[in-house]
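Look for chain A in each of the two complexes below; its partner is chain B in the first and chain C in the second.
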Partner chain A sequence: MNKSTSIFGGVTIIALALIVLMPILLPSVTLATEILIFALAALACNLLLGYTGLLSFGQGIFFGGGAYSASLVMLHLDFGLISALITAILVGASLALIVGALAIRRTGIYFVMLTLSFSQMAYFLAYTFSDWTGGDNGLLDVPRPALTLFGITISDLQSSEAFYIFVAAVFAIVFVFARRVIHSPFGTTLVAIRENEGRSSAVGFSTNHFKLVAFVISGAITGLAGALYAMLLNFAPLSNVELLMSENILIMTIIGGTGSLIGSIFGAGAIVMMGDLLSSIWPRWMMILGAALIAVVLFLPGGLWGGIISLTSKLSSIKVKKNLTSEVTK
Partner chain B sequence: MNLYLFQVVNGIGLGMIYFLISVGLSIIFGLLNFVNFAHGAFYLLGAYLSYTAVSITGNYWLALIVAPLCIAFFAWVCERTLIKRVYHLPHTYQILVTLGVALIIQEVCISIWGPIGKSISPPDSLKGVLQIGDFYYPQYRLFVIAFAAVVALLVWLLLDKTKFGALVRAGSEDAETVSLLGTHTHRLFSITFALGVGLAGLAGVLAAPIKGIHPFVGPEVLGIAFVVVVIGGMGSFTGALVGGLIVGIVQSVMSTLWPQGASLMIYGAMAFVILLRPYGLFGRA
Partner chain C sequence: MSSNYLLETSGLGLDYGAFSAVGHVDLKIKKGSIHTVIGPNGAGKTSLFHCLTGERKPTRGSIHFNGENLTYLAAHKRVSKGMSRSFQVTSLFQTLSVRENLRIAAQGRGGLNALKFWVPETADKTNIAKANEVLEKIQLAAFADKQAGELSHGQQRVLEVGMALCGSPSLLLLDEPTSGMGVDDIPIMTNLISELGKDHTVMLIEHNMRLVMSISDRITVMHQGNILIEGSPEEVKGDEQVKKAYLGESGSE
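Presenting the complex of A and B:
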């Protein structure tokens, strides 16, 4: 295993450094928390889009499902922090199992259309069952329970710093897990499916099985992100299951860079920060998002992270050239 | 009884508007093999342009002609500068690029016309109500049905009886061969894209006096257009017409009973059709 693929190698260190630096460099800790939560959702989306080649407009279903389910079990059944998060993971995974099992029966544009129709159905279902979801008003007064392990309360998580540390720990665990997944034989098979589904199936992989597992993992992580978002806001809005949420998660993934997990932090960071900093100055900042989306697809297929990588490699090649020429002149 | 008749006629009007939106999406997909996620945004832009045209000139008829032409021209420019660069890319990329275009159009519309919706009133000559026995119906809505039907007929004639239509149909089968036989497919593609998008703009203009103009309606319109195209069959003219009418009537009749239920039903139907009959009612395998 070389340095770049080992679990605690290069990229993981950069990710950990970002997690530590973000709350120091950014104007507020809450902003950093929001970035990490959406980075989780983008990372999960990346597993589907970047590694398996599946463009899903259904990520909002899992995000909203996680937010609603965690909120409901905390409000009505007095679930604690960990058990509420596990509920969200399970609900996200089950929703992804249902959506995935149906959607992967079609490919290409019809696959996209299926995820789109499920996304719309989820929204109208959430709107209809307003007794459970709060409808347009959303679910209010969602608690943020204390972090308790084996009966010992570690932190009440009420301060935004404490909650950030908790979210950062969750993110780090998921990040390491996701890297483990994509560098496993399972992950390389996903990439093979993305590159050439026909050939992967011809050499004997049951591609639908792999796609479905990718869906379930993605749904579980997205559900977890949704639950954390509800705890951050103390609120689970209907907009979580809107098509716009799915679009936003997709855009973060693409702008950050498809096919690189760390890109998801950059994508989520760029968009959450733009939303936070620009929306007060210039409410129409989404225009930039549209232009950025087009630019990334046409000119920067690796997204922000891909851009950074190629920039650094260009810089280092310039350095190498300089060294060479200086040696020659000697 | 009259109430249901009223809802059904409303549904036909709505269905004709959905047809105009969807037929363009469908032809563009059929010929260009291109998925246009900006289609709803062009509808929105058409509606706003008609608002401006009406508020400047006070003449709805002028708006009805000028706004769709402007949209078609704008679409042509988009195609020449941006869209043509994406044809060879996978559908995923086409979706993302046009999603970006849709976002830009929507935000530009809000910058120009503000975040609060606008409304325009129907032309004076159509403000009245038509009475047949004890059934009353607004004249403008009848006009929409008639006008859309004429446009549908013209589009059908264009696709079925002219050389241009023959090229579009041939190109939908095999664009490469059409190109090898000496047709400038680039020009064919641009014109088809402009035509399809112009029809969406026209739908926006026709719908504006009935539904008003809301800046965030683009994605909703796009969603419905996809439902129609999927139910009718991608690339099929008849499919867009029948699909549009089905969706319009279902939405209209359900609107008094359970509006979210209507949306659940049509999106459910869309998923059902893709899973069981991906080529829709009138598409071919």
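Presenting the complex of A and C:
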């Protein structure tokens, strides 16, 4: 196939360039780390919203589930870095399997309401079982174990630069994986379901199986993001499973551009940076976030990434015109 | 079940509450034939079609396909059995290219095989080959890379049938293939269906009488949920009961 659908070409190169540039251009490495972690969550949300057409308010469940589970196995069972992350992936996937299996039984508005209800339930579960989750205080003293592969310690990950490099490597792997997923028989079927579920079923797909697997993959990646977030903060706050977290992930996905994986970096970047810069200036900065979302939905239906694409194509068409007129005048 | 018939229904019926849309229908579709179901509005054609495609669960009776009872089989599972359908209201993947529409339709025949998320979609060459083969057959090769939604209505109707073909069906179920087509486009569809009739068994619902009379091997006329008569185009054309049903002389309409 051509370059644009090759998993290592096209936008993957842009994503890698962004990963390298972000810590240089942004005011702090920690900020860049936070952006990449939320970009992971937005990318996972994009698989559901952008590619399958499922608006899930349940992403916070998987994010929080990943954060709590990784923290708990590190605190109580002395799990290392990789095994803690794998635990988070498995827990995220399992939670998504449960939520997905029940929610996809309904479509449209009822599906959305079901994910919303699960999200509320998860919050109160986490709040109630405060012995495990720390309740309102969150889970404190979450460690950030050293990166050890085959018995060799590669880095203790204590410096924020080292942790950024680790998160960036994880992000790159997940990004390439997600590219594989969307350019596969499975991914193209998801798009078909988004486009026309009735027809998809009529040509032979049992659409619920596909939606469920999409949920599980999305949950796994979101769980991973949650675990990395806990390691970044050394803390797993209750806000991870709040409805607001699900909303934020959705907003990042939409602002970045639904249906484009690279857009997730822009979406996460925009929201995390706005939060970081504006919250110190004005405590009501969320109002600006609302305005930004309205602006994107009304004027940039393809999100930030869609905006960039149409801008570059406009610029290049202007260039072509200029070249043409200059040649005519010659 | 007799091997001469690809599809047989016996006593098939569908009720909506107290109203019986399909009464007791014994429909037999011969292998290799083009079999048309006609009838005035409200005769129960579409309801019968829904039962055959699995969109609706019949209230009574049975459907045997290739000797196998699949009365209550889910719609998507019928594709792998060899049944494929088109829609009366064009139902495409609007923003995808014509080729991709066909490739995905071909992918559907494999059912859960398409859950593979670790290989490129181009890995399965048979689906691409099928899409290209159908592109040629429905003569849309020149528009292969165009978005399905940008095609003319006539072309969309042809693609609609093409997608059903991608399932490599032994029985092709077409729901009013000329629905909404302009007079100029209808011969294209007529040719396409009679061409398909050479390699497939085709069952269709249709209103366009010229098309029906020119390509059908058998015609079943439905009236008020039941079969009025079944016969060759000549037999149906000359039948008094059919004329009455269409003109509504019985006063029941």
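The rule is simple: the second predicted complex is superposed on the first by the 330 of 330 C-alpha atoms of A that agree within 3 Å, B and C clash if a C-alpha of one lies under 4 Å from a C-alpha of the other, contacts with A are read in each partner's own complex, and residues count from 1 in each chain.
Note that a residue touches a chain if its C-beta (ideal position, glycine included) is under 8 Å from a C-beta of that chain, and two chains touch if they have at least 3 such contacts.
For clarity, every value in this text was computed on a predicted model and none was experimentally measured.
Student: On the A-aligned overlay, A:Leu243 touches which partner chain: chain B = first, chain C = second, or both, or neither?
Tutor: In the superposition, A:Leu243 touches chain B alone.
Student: Is A:Arg180 in contact with chain B, with chain C, with both, or with neither (first, second, both, neither)?
Tutor: A:Arg180: touches chain C, not chain B.
Student: Looking at A:Arg105 after the superposition, I want to know if it touches chain B, chain C, both of them or none. Which is it: first, second, both, neither?
Tutor: first
Student: Does the superposition put A:Ser201 against chain B (first), chain C (second), both, or neither?
Tutor: second
Student: In the overlay, answer first, second, both or neither for which of chain B and chain C A:Leu55 touches.
Tutor: Once the two structures are laid over each other on A, A:Leu55 reaches chain B alone.
Student: Identify which of chain B and chain C touches the larger number of residues of chain A.
Tutor: Higher number of touched chain A residues: B.
Student: Is A:Met286 touching the first partner chain B, the second partner chain C, both, or neither of them?
Tutor: first
Student: Check whether A:Thr188 is in contact with chain B, with chain C, with both or with neither, and answer first, second, both or neither.
Tutor: After superposition on chain A, A:Thr188 lies in contact with chain C alone.
Student: Does chain B (first) or chain C (second) touch A:Phe210, or do both, or does neither?
Tutor: second
Student: Under the contact definition given at the top, report the residues of chain A touching chain B in one complex and chain C in the other.
Tutor: In the superposed arrangement, which is not itself an observed complex, chain A uses no residue for both chain B and chain C.
Student: Show me the residue ranges of chain A that touch chain B in the complex, using the header's touch definition.
Tutor: Within the complex, chain A touches chain B at residues 49, 53, 55, 102, 105-106, 108-110, 112-114, 116-118, 120-121, 124-125, 127-128, 243-244, 247, 250-251, 254, 283-284, 286-287, 289-294, 297-298.
Student: Within the complex, which stretch of chain B touches chain A?
Tutor: Residues 35, 82, 85-86, 89, 91-93, 95-97, 99-104, 106-108, 110-111, 115, 219, 223, 226-227, 230, 234, 260-261, 263-264, 267-268, 270-271, 274-275, 278.
Student: So in the complex, which bits of chain A are touching chain C?
Tutor: On the chain A side, the touching residues are 1, 5, 180-181, 183-189, 191-192, 195-196, 198-207, 209-210, 213, 217.
Student: Which residues of chain C touch chain A in the complex?
Tutor: It comes out as residues 53, 74-77, 79-80, 84-85, 87, 91-96, 100, 103-105, 107-124, 163, 166-167.
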